[in-house]
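So the structure is just underneath, and the comments pick up after that.
Note that the chains are named A, B and C in the order they appear, and that numbering of residues resets to 1 at the start of each chain.
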């Protein structure tokens, strides 16, 4: 996916000499983790409106298949269309290795990347897994609270190790 | 489970307009995560006494099947009865999306909810999974340290999306 | 593994009366989580050089099979030899229950232990799992940034509950 390259966090950019990002404050870390804990509860509860409200009005999501949703109307329509897929399963999104980087010169804008594992639990309690994903978000602060302005979801695929 | 409704965190309450909870400080976030890291090591080590010591004396656990254990004696007896189940497997509890809310007017009491995934690794290294759960805890501070006063475990089940 | 006993964190040491470790500051918690988010991105990207650079020059890894790698040259050679194993899969390391303990009298040295779950996603998106592991690290601060000085990886095995 070409668009991934330009948008992914500088910290995880391949090539050149990627460097350990500066650590963020504990308060910011807790705030971002709380934001995602809340946002993922909304999507896992199939609370489409509540989930959409965690995005800016011009929020954008690029799905792993390259499909792009722009703005709340498109987002809501896309989520409604996907609902039948979750009729008989409980979906849970698990995050790992959240990496937060305030934008230089604009500390109210955060680049955040994380691993995502999605479990599907059926009525009998059997758990299956979607492929793993890596996600790059841009969060912004509006009226004191965080919102997602953009999300780029990439399915994890095998890499060719450097020679 | 009827009791779940009344006890679950306000932040995840369905109906009305649930709102993003205020973020907690980084120090409190780290303290709660450290508490669970410790508590889960005790249960995963089958250290029944050590695990029970992370609860208040009147601590209560409501299991996903509705069974309620009240006080340390009941808790210890229940855990001892469950031990044979873990004879040949290594159990690990994984948490996700921990959401912490200090009680209004009583900052020493915390409502905490989190996702829980339980892995079972057998002697050959094969991993299987229990159904996913969502847990609502009430933590209190006693003599400077956190303890669990109540725990409500709910198995994740499919939800009916809003119409 | 005999060496595990001597090296594991005091907080998780069996026997005696293990106690809840003192919570660390939110800032330190965020810094350690950021370090691992970065380090695991390097290993999961098969960026061998970048991964090795997250260790001290005399860094040491003791693998679950008891094999010990000491110093960067051994580490790089070992990782290169393991690369063919990841030719057609995307590997992701997930951490749980990170427990951080600054060394008494030497706050720049941290004992960190955590659960580790490794997912392998193949080209079709099918996810399989390695056995679960528990890891004990020693991190040190060099020139303002954290590095891993030692890592002890233990495969989770069933425990015998106390009588």
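Quick note on the criterion: a contact is a pair of C-beta atoms (placed from the backbone, for glycine too) under 8 Å apart; a residue touches a chain by one contact, two chains touch by 3 or more.
Keep in mind that what you see is a predicted model, and the values were worked out from it rather than measured.
*Asks:* Touch graph across the chains, line, ring, star, complete or other?
*Replies:* complete
*Asks:* Please report how far chain A has to rotate so that its Cα atoms sit on those of chain B, a copy of the same sequence, as a value between 0 and 180° in steps of 5.
*Replies:* Rotation angle, to the nearest 5: 120 degrees.
*Asks:* Chain A-chain C contact: same residues or different, taking over half shared as same?
*Replies:* Both copies touch with mostly different residues.
*Asks:* Mind checking the centre-to-centre distance between chain A and chain C? Centres are C-alpha means, answer in whole Å.
*Replies:* 25
*Asks:* Would you mind listing the residues of chain A that make contact with two or more other chains?
*Replies:* 25-30, 94
*Asks:* Would you pull the chain B residues touching chain A in the complex into a rising list?
*Replies:* 11-12, 14, 18, 20-21, 23-30, 94, 96-100, 115, 117, 129-132, 155-159, 161-162
*Asks:* Considering the complex alone, what residue numbers of chain A touch chain B?
*Replies:* Contacts found on chain A: 25-31, 33-38, 40-41, 45-50, 54, 83, 86-90, 92-95, 119, 121-123, 125-127, 145.
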